[in-house]
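Okay, so here's the structure we're looking at.
We just call them A, B, C and D in the order they show up, numbering each chain from 1.
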Amino acid sequence: MDKRTLEVIAEGDGAYLPVDPDDFRDAVGRKTRKLVSKVMTAEEAIARFVADGDYVVWDCNYLQRGPSALIREIMRQRKTKLWAGGKFTWVAVALLVEAGCCDRADMGFFMGGPGMNRAILEGRFTVYEYSNVVLTVRLRAGAMGVTFLPVRSLGGTDNFRYSGAKLIEDPYTGQPTVIVPALNPDVAIIHVHQADVHGNARIFGAGITDVESALASKKVILSAEEIIETEDIRHNPGLTKIPYYAVDAVVHQPFGSYPGECPGCYASDTEHVAEVFTAMHSDGLGEYLQKWVYDFSSEEEMLGKRVGLARLRDLQRRATVREGFRP
Amino acid sequence: MDKRTLEVIAEGDGAYLPVDPDDFRDAVGRKTRKLVSKVMTAEEAIARFVADGDYVVWDCNYLQRGPSALIREIMRQRKTKLWAGGKFTWVAVALLVEAGCCDRADMGFFMGGPGMNRAILEGRFTVYEYSNVVLTVRLRAGAMGVTFLPVRSLGGTDNFRYSGAKLIEDPYTGQPTVIVPALNPDVAIIHVHQADVHGNARIFGAGITDVESALASKKVILSAEEIIETEDIRHNPGLTKIPYYAVDAVVHQPFGSYPGECPGCYASDTEHVAEVFTAMHSDGLGEYLQKWVYDFSSEEEMLGKRVGLARLRDLQRRATVREGFRP
Amino acid sequence: MMPTTRMMRSGPWKEAPVATSFADREFQVCVTARLVEDDRTYWVAAGGGPMYTVLLAKRLYAPNAVYVTEDGIVAAEPILPLDPVMTVVAAKPSYRALQWTTMNGIGDHCAVGYLDYGILNTLQIDPYGNINSTWVGTYPTVGRRVNGPGGADSIAAMCPRTILMTDHQRRKFVPRVDFISSPGYLDGSAGARQRVGLPRDTGPWAVVTSWAVFDFDEATRHMRLRAIAPFVSLEQVLDEMSFRPLLPEHLEILDPPTEEELAIFRSTMDSAGQFSDASSHWVVQEDDRWVMVAK
Amino acid sequence: MMPTTRMMRSGPWKEAPVATSFADREFQVCVTARLVEDDRTYWVAAGGGPMYTVLLAKRLYAPNAVYVTEDGIVAAEPILPLDPVMTVVAAKPSYRALQWTTMNGIGDHCAVGYLDYGILNTLQIDPYGNINSTWVGTYPTVGRRVNGPGGADSIAAMCPRTILMTDHQRRKFVPRVDFISSPGYLDGSAGARQRVGLPRDTGPWAVVTSWAVFDFDEATRHMRLRAIAPFVSLEQVLDEMSFRPLLPEHLEILDPPTEEELAIFRSTMDSAGQFSDASSHWVVQEDDRWVMVAK
């Protein structure tokens, strides 16, 4: 091709987190490379590494091997004005909105209910429209250190109109091509099966975008079902999904995905799942949060008093499928 | 940004494999989704799936967990006019040029010697300039089904001038950004530790771009140290790197990386490695090919007669590091 | 002849004992399962009708159909029934897969063309197969927020053929969707999808409701009625749509569910009745005629 | 003060017994090892001087320096010595790593800024630290093909600080490289690297040869001599360069290798002598003075 310009055919008008890969590199440059222990409580990790106004992304979700305990701690600490990366997340965004923590979200998939609907119509909560895969592609761009990526979807939808996507003349084929802006969240919260104290982390089973979320985010908080020795990491480096230098905090949080499932460790609490869905659809999330979050100063207290050891044991017993979810 | 065009600031003038993702999708659409056995000999696989003029990419290289046996079979069958993806490959390109199989290559890293130099100066062999990582990024673009990807390297070099890269005004930041064209090779040849008969493949240890090469290529030939049961695959799906539907042929090829190392299986034949380097630098690759390739009708014959069982056993014995290279 | 017609006309179910009492949504799953091609790859929306459909088809009609889900699970042999909503990133639906990858991973598989069919649910659908699952009303100021596209946008954009499932209700078949969450043929014009960057030779292939099956006219890309259930009339079908589909030269009458289809569906998929409870109608056979009663 | 100076001036080697006989290339590795910062991440060209350097530094001066290689091996504790050329995608150099990823994986780690330093070999270098490892002569018609950039282009482009290693020979220090394989400061103008898309705050940081250490002037980005070996004169150093570097206000004299440095290097890295055999000179101490003899 000898033409010297490319046409920008169309652009979405949705706000998006500003794209500045060199600024992100500066933030990464300030993180330690030392193999020091980053183990701390959920309370300390959220207090230190989640600031009001941050863009927060989590991997998986409140019901499925997500950092449910860390999400509850964010609400317990009454963080405000968070921008949520709402890819494939059933109820978490609705909870954060109900708790007053979140005033906007990039949409992939989440459920709302009357509470979120009021927040939208009253202008307390704004949604920018993408899809699950397009949001994971945006995180992938952030994890590659580039400013954007082309995608073969999103074009022609109203998501495109209310997003940060652009339709440009392809530099190589001349055909219309959709591109989406890189996403470098302020903080990623990720639940993993195993991590060492430095943050080298293992995740078993299918997933959404754990690795990309970790590499794309300025701050990374891991909650881990199990803390393992760095010796174990070194004996099978192929199992390490997230490298320690990307990690700022390691929270030892057994049942950190409760009420969701952590595959190979425990099943989901189906009664609790039904309760949160019912609460969401019947405008009862306030009571839900009081019962499951605000009434307790910590996850340990909630699990011990509200769920109870017998119930936790039962959830572990119900995790009958183990193969592939252990080293 | 409300500007409607993007400036193309500079463009390399190197030829590159034409970018046509929809054409690639058509090729992928013609591949079977059936769980049928794709096991065949190296001879049959190369005869059926490597055509004269094809763009051929291999992962790793002739000395390091690469498809060395398949590369020798390509030379044995005297394929011609191949375009080689020369990322991180010590001697393989020089061998293919000496054998008359290859008339151009995209350069990442390879060694030449007098033979290749003559071929270049006499116009029998053309090189287009990239780098190892940029070639793996081009394959990644091909594996994502997109037409190009941005990169934070290559700019300012003479590689850029002799490549298919472009320097464009970034659609999001307005800053100069380098983009490189997607690469969808005609055929990928990849050596793996384990595969089932359908092509579900496991690779252990560090690697270059196995998965991207497989997903980006129209035809995929695997050589496997070991054929395992599909039952084994299903018992640990997290170990599967390459999905069966991307694979056209599975060649059971123990010592398929000889004279290179296959980590956890056998060490490299250091004498052979020295021999091929010496031959390359002293213009002796013709003799090398006669001795190690043309004198034999198959890999089995070469390994049995030229290397010998005792030597092979010794190479296995020298593979003392096993941890992490086994399920 | 469209594959849909061949598939509707003949199959093992012709010889099987017919069910005499079922929800119209159960009928929808059975009919969709009969459209599943063997030896093809499917990206199914995780959970609900789409996943039930491919699981039922694999049991009865297309044992070698392969499906993936958006969490990157390839060709699983799940342990059924699944826990409510626990259809992705969970142990039972992941069981005995051939590969576990990620959402970006499976998005790549689809982008390069390895996934032949998609199966989706729709909240609203228009004559060109555009889907709304984002907003009911006037976006974003009047009405109600729904879930968003989830993985459906990628499936509808990149799979060569997409099967859309929806209840047969007037509010679902609208002349214009309130919001295009996932692309159909857009305005129906030739090349409309490629003009916005979508891959060539992709788009909606069939729409299966609780009462009827539709495809899309090759020339106009407008939705076309192809077949109706034995328990409804053409008038009933059209009356429950807010736009008029094209009509076929020959209208097929769909076969009712078989006892076997329902037994498998009810015991291993809809075991808690969560799916059929949402049906609008119940169908029973009373001396050789079908009677449909609103629930 | 530039880190290079601090590092050259003080260190544990000051107290260690000095070697009295060594190849100038061995000196180069020891000097470079002393420039390695503890608790920093390094992307090293696999094999040869760069890898020897970081391994030697980890043994003696920077135990917590972390290095990666282009095959995606993070923080290995390799089994030494390594087999010839088997420095990547091999078992011994991979041993006890914290992570095994891929070339694209490690490229991402570098692109987002996790890799602080790069260490590279160079065939030709110019006053602005541009590197040629592709072609000697007039590309592509006259002269000789070399190896190509390999991973060096990515390292030189994306690491905040790059250390360049080369033999101290006139043909290596050229006013203009025949081919820019990996970027230095390009034409030396302000913002030259960002104008071609390279990340901010990156570029060559030091050049270490078998005889001297250079850095780059902050204002002009022109190569500047900082220190020379105790066994060469300033004149010898300048005489073996085809361009004249900037000269420092104060010229440092580098400490010779220690016996410990050489013992470790010779026993665990250069055990076959493949590296030092390529040295141009041998250095011996004869009554308190250093004598350098051409090999």
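The criterion applied here is as follows: a residue touches a chain if its C-beta (ideal position, glycine included) is under 8 Å from a C-beta of that chain, and two chains touch if they have at least 3 such contacts.
Source: prediction; values computed, not measured.
The chains touching chain A as well as chain D are B. Counted by C-beta pairs in contact, the busier of A-C and B-C is A-C.
One simple way to say how far apart two chains are is to compare their mean CA positions; for chain C and chain D this gives 61 Å. Chain D has its Cα centroid 30 Å from the Cα centroid of chain B.
Put simply, the C-alpha centre of chain B and that of chain C have 41 angstrom between them. Taken residue by residue, chain B touches two or more other chains at 21, 144-146, 151-152, 175, 177, 205, 235, 237-238, 324, whereas all remaining positions touch fewer. In chain D, the positions touching at least two other chains are 73, 94, 97, 100-101, 111, 158, 199. In terms of inter-chain touching, the protein chains here follow a pattern that is not a line, ring, star or complete graph.
All chain pairs in contact, by the document's touch criterion: A-B, A-C, A-D, B-C, B-D.
For chain B in complex with chain D, the residues that touch the partner chain are 10, 60, 63-65, 86-88, 90, 107-112, 116-117, 120-121, 127, 129, 131-134, 136-137, 140, 151-160, 162, 167, 175-178, 205-212, 261, 263-264, 267-268, 270, 273-274, 277, 319-321, 324-325. Residue ranges on chain C touching chain B, taken from their complex, read 39-41, 64, 66, 73-74, 76-77, 94, 96-101, 108-114, 116, 158, 160, 199-201.
Here chain D touches chain B in the complex through residues 69-73, 79, 83-86, 88-92, 94-95, 97, 100-104, 107, 111, 134, 139-142, 144-154, 157-158, 179-183, 186, 192-199, going by the rule given at the top.
Looking at the complex, you find that chain A touches chain B at residues 1, 3-8, 11, 19-21, 144-152, 166, 168, 170-173, 175, 177, 179, 181-182, 204-205, 235-238, 323-324. Considering their complex, residues 21-22, 24-29, 31-35, 142-146, 200, 215-216, 230, 233-235, 237-238, 240, 243-246 of chain A touch chain D.
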